[in-house]
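Below are two complexes that have chain A in common, paired first with chain B and then with chain C.
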Partner chain A sequence: MSAYNFAYLDEQTKRMIRRAILKGLAIPGYQVPFASREMPMPYGWGTGGVQVSAATLTPEDTLKVIDQGADDTTNAVSIRKFFEKTAGVETTEETEKATVIQTRHRIPEAKLREDQIIVYQVPIPEPLRFLEPRETETRKMHSLEEYGLMHVKLYEDISQHGAISTAYAYPVKVCGRYVMDPSPIPKFDNPKLEMDAIQLFGAGREQRIYAVPPHTRVVSLDFEDYPFEATKADHPCDLCGAEDSYLDEVIMDDAGNRMFVCSDTDYCRSRREAGHMGRLAEENAA
Partner chain B sequence: MYVAVKGGEKAIENAHAWLAEERRGATDVAELSLAQIREQLSLAVNRVMAEGSLYDPDLAALAIKQARGDLIEAIFLIRAYRTTLPRFGHSNPVETGEMACDRRISATFKDAPGGQVLGPTFDYTHRLLDFKLAADGDVPKVPEGSARQEPTPHITEFLKDEGLIQDEPTSDDTPGDLTREPMEFPANRPLRLQSLTRGDEGFVLGMAYSTQRGYARNHAFVGELRIGKVAVEMDIPELGFAIDIGEVELTECETVNQFKGSKTEPPQFTRGYGLVFGQSERKAIAMALVDRALRWKELGEDNLGAPAQDEEFVLSHADNIQATGFLEHIKLPHYVDFQSELELVRKLRREADARITSKEVAE
Partner chain C sequence: MTPLLQVKGIEKLYGARIGCADVTFDLYPGEVMGIVGESGSGKSTLLNCLAGHLVPDAGQVIFDTRANGPVDTVTMSEPERRMLSRTDWAFVHQHVRDGLRMSVSAGGNIGERLMAVGDRRYGDIRDKAIDWLGRVEIEAARVDDRPTAFSGGMQQRLQIARNLVTGPRLVFMDEPTGGLDVSVQARLLDLLRGLVREMGLSAIIVTHDLAVVRLLADRLMVMKDGHVVEAGLTDQVLDDPQHAYTQLLVSSVLQV
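On to the complex of A and B.
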């Protein structure tokens, strides 16, 4: 792989991406257009996140890659291997030890620190996209801070279903200005968007980068009488007993029996190592 | 019993090994060489070069072999390789008027200087399976003529001389580069043409076809279609002049379209333009039709709300590498989001049930 530059992208490209990242950090929640490159993995499979990570990584970094909260999902494995090969950086599954975390669809349960960067893979960066398909229109709406359409959508949800029927990619307002798509994380993760770490969002196919600097106010959109609610399955983890983590529901047999386990595999493992046990921990240890 | 799914890494390796085996197929059948693909599947090679935006028949042949004949996959391989190549500069515009034409036809004139040259075309073949080809690949001896020495003039030039066709504004501006700048709308014509020439052949064909069927019909005549090789020249600053760095095969199509005239312009013909790597005439014609449809605004025509007139719609969806990537990404795990939806639907159903029950009790 020596034919490629450190972390695959050439330095010119990385510089271009870093400029977009800095602009994104300077205008929290604003979608910065950038000249996304064709990567050796398909669009829609994390090319935006990969480019942001490539521009962010230094040889001293330790990288963690998760998909659905897990380090061992196929695409997380594939992206981690890509950086092992092209950047030669150390990788880890431990949230604690990572300096750069690339994620798809989750924010780790462990609180992130100021010396960490989390990079989100974003499929559709435009929170208004499904209300207005035209980029020319949505950019205008953002610049005029015209978010009425979004509130109407949420209101219609309530009048139809009695609740806001958005379960993931739940829109937020950043720093009192831009409405932002937090990427398809479950709304359970939304409160974590106010954090100590730098948050970078990369959308490769859509050619957008945006960012939330540390300690920035991030508010999930709601109404006074229908406040935002972060929800999860109403169970403890069956392996580690955690009651505060987001859970995956796993169908265990033909009779449809279920078990609930932490989606954050590292969180679950560290709890079990610390001696915490859930309902089915015994059987699984065997 | 559920065990946390480990071993993604091993599974990926095994899948790749199986893929390699399937790609090769039965080992008692001779392996394809790149030269065979390049020479005998040359139209596939051309498509991969055109949509991969990289003129290199050998690499395109390799990509086709590696992709097991899946052309979009092959185009993807070429695109991913292309991004890693350093850029030394850009060539001068190629002179298609100087093209050594293998094929050159006009549908608007019975004959014209340079003549009608059919070239190697499927056009008048009867589409009957040639079972002889299954047995042997002997080709008949092709009679040879002498090549035309002087340049073949563009048909539209004759119309232009008479003022019958709209003149294209000339400019020495360096056009934008959609591989180096993010696409922004409205895009200008150079960017539209770049997007169309690397756009998916099927998509561009479908869009063009829709204009023929009445969704923003612009009644195109093929003013000229030419296929052949052109020299690529590049200015070398150290030398102070341009040198030939090679030649590429191109297909160029200029359509002549009706235009009724507007308040400021008398009736006059207008043009659509297609230019594609290799012998890719279906694509070049389709590109010209879509180009013409997208020009409604500059020509003062009405927006009929047709898909082919909608620049943002056409350009945002023409790229098959973007499209296939995003389409196929839904194979990736989405169970976290699905779980969130599951909880929500359960909750909404519980509440709805409660409402119905309380209503029944009240009655």
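On to the complex of A and C.
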């Protein structure tokens, strides 16, 4: 551990990243460029989020890392180990106990608090990229608040699929000003983007940081006659019985039997510990 | 009557080369101005200066805005100018790829300007898109097809629909019939003429083709080497050209 500076990055770099974070918080939803560093992991592994976490962590923090809602995937485990090794911070799987949560693809089900920070790993920060590949033009569109194109994308969705089929990375408008990609969280999580905690977003390869301060208005884009819906599979969790959590569909055997389980593994575990049971709870009880 | 557009002393240089120079004219509401001249005479340069795509080195382009009356669009703020260009102005490009989104359906292409100015009812946007397809003689059934599946003439008509859907007051067109077959050109010209009359549009049309101005333009400017060498009512200029260059042009010696 002594071979590294606290949390791997040198102090100079962390200061540079903190400046970008502060700027991001001051201009909610605005993409702040930063000089992304090489990290000892490939880009697809959330180097943007890792750098933001590294600049955010203090020795007193307790870190939780989730990937698709789970604490035990390879990606989550390796990032958690990385910070255990380089920062020596405590880690946890419990959302409640964490002060900093790094996440890919989910927002925890438990309501986050004002004393918590959630850091999102972002692959593509630019919500306008799909229809306008020129960076100079998208920057101009943001600066002039020309967001008609976002609705063209939703229009295309409806005309092709009969409904807005965008299910992940569903675009939002932050604080009535900037349109933002909330990273590939399911749209079920979009309403949670208005939260008490600080939200930081890091894109390593694209070298962008953006942020949403606590209690900031975040509106999912839609049409009046096709309003936004935070959809999920229409099932309770087969393990904990929760009806309000985002579910993963799991194939159980070769016969094609399926079950629905909370994607947020900590939420599911804590409910089961509190005595809640789903349809398949007993046979799966360890 | 206040002119819709007052162009005063427009000049654009490319280094030492003159793009266009000393161009002055007024355009009144409902008027169609044709700009003709040989290749390289500065027609596109002038049009792009007027439409805000190029910044002229000198001169004023004063547009009679709905809100504040005549304003110089060269010196107005960029957000204001961009707002004009998706509401009161329209620009029909010679190359449809510059004027259409090729990866977006016909309906999405037409709807873009509506959504850009705040239309938020899908059903209305779609209805207007289908209505406009009809007005440019494209079947409603094609509303979800991409322009890549359209013929050249259909693509150009789609570009026109996409531009006119917000009811602009001034349309800039650069060679709207260029690159199309003669029979397709004729149909497009008829269509344009109908729309210009019906909507009372004001337009500035750049073309090589004297038949186009004969059919569409009330007035005509003839350009050579970046300068306007002759201007007047279309029929007068074409039937009784005064300038030697216009006489050559009309006698079709210079027609390209």
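Here is the rule we go by: the second predicted complex is superposed on the first by the 285 of 286 C-alpha atoms of A that agree within 3 Å, B and C clash if a C-alpha of one lies under 4 Å from a C-alpha of the other, contacts with A are read in each partner's own complex, and residues count from 1 in each chain.
As a working rule, a residue touches a chain if its C-beta (ideal position, glycine included) is under 8 Å from a C-beta of that chain, and two chains touch if they have at least 3 such contacts.
If you're wondering where the values come from, they're calculated on a predicted model, not measured in any experiment.
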Overlay on chain A: chain C relative to chain B, clash or fit: fit
First (chain B), second (chain C), both or neither touched by A:151: second
Which superposed partner A:35 touches (first chain B, second chain C, both, neither): first
Dominant contact partner of chain A by residue count, chain C or chain B: B
Inter-centroid angle chain B-chain A-chain C after superposition on A [Cα, multiple of 10°]: 70
First, second, both or neither for A:223, with chain B first and chain C second: second
Chain B versus chain C as contact partner of A:6, first or second or both or neither: neither
Which of chain B and chain C A:131 touches, first, second, both or neither: second
CA minimum distance (chain B, chain C), superposed complexes, angstrom: 7
Shared chain A surface residues [contacts with chain B and with chain C]: none
Residue ranges of chain B in contact with chain A within the complex: 1-9, 11-12, 76, 79-80, 82-84, 86, 179-186, 312, 316, 321-322, 324-329, 332-337, 339-344, 347-348, 351-352
Residues of chain A touching chain C in the complex: 131, 144, 146, 148-149, 151-152, 155-156, 158-160, 223-226
Interfacial residue positions of chain C with respect to chain A in the complex: 78-79, 82, 86, 101, 103-105, 107-108, 111-113, 115-117, 120-123, 125-126, 143-144
Of chain A, residues touching chain B in the complex: 4, 8, 10, 33-40, 42-45, 47, 67-70, 72-78, 81, 104-106, 123, 134-136, 161-163, 165, 167-169, 184-188, 205, 207-208, 231-233, 239, 246-250, 252, 259, 261, 263, 265, 268, 283-284
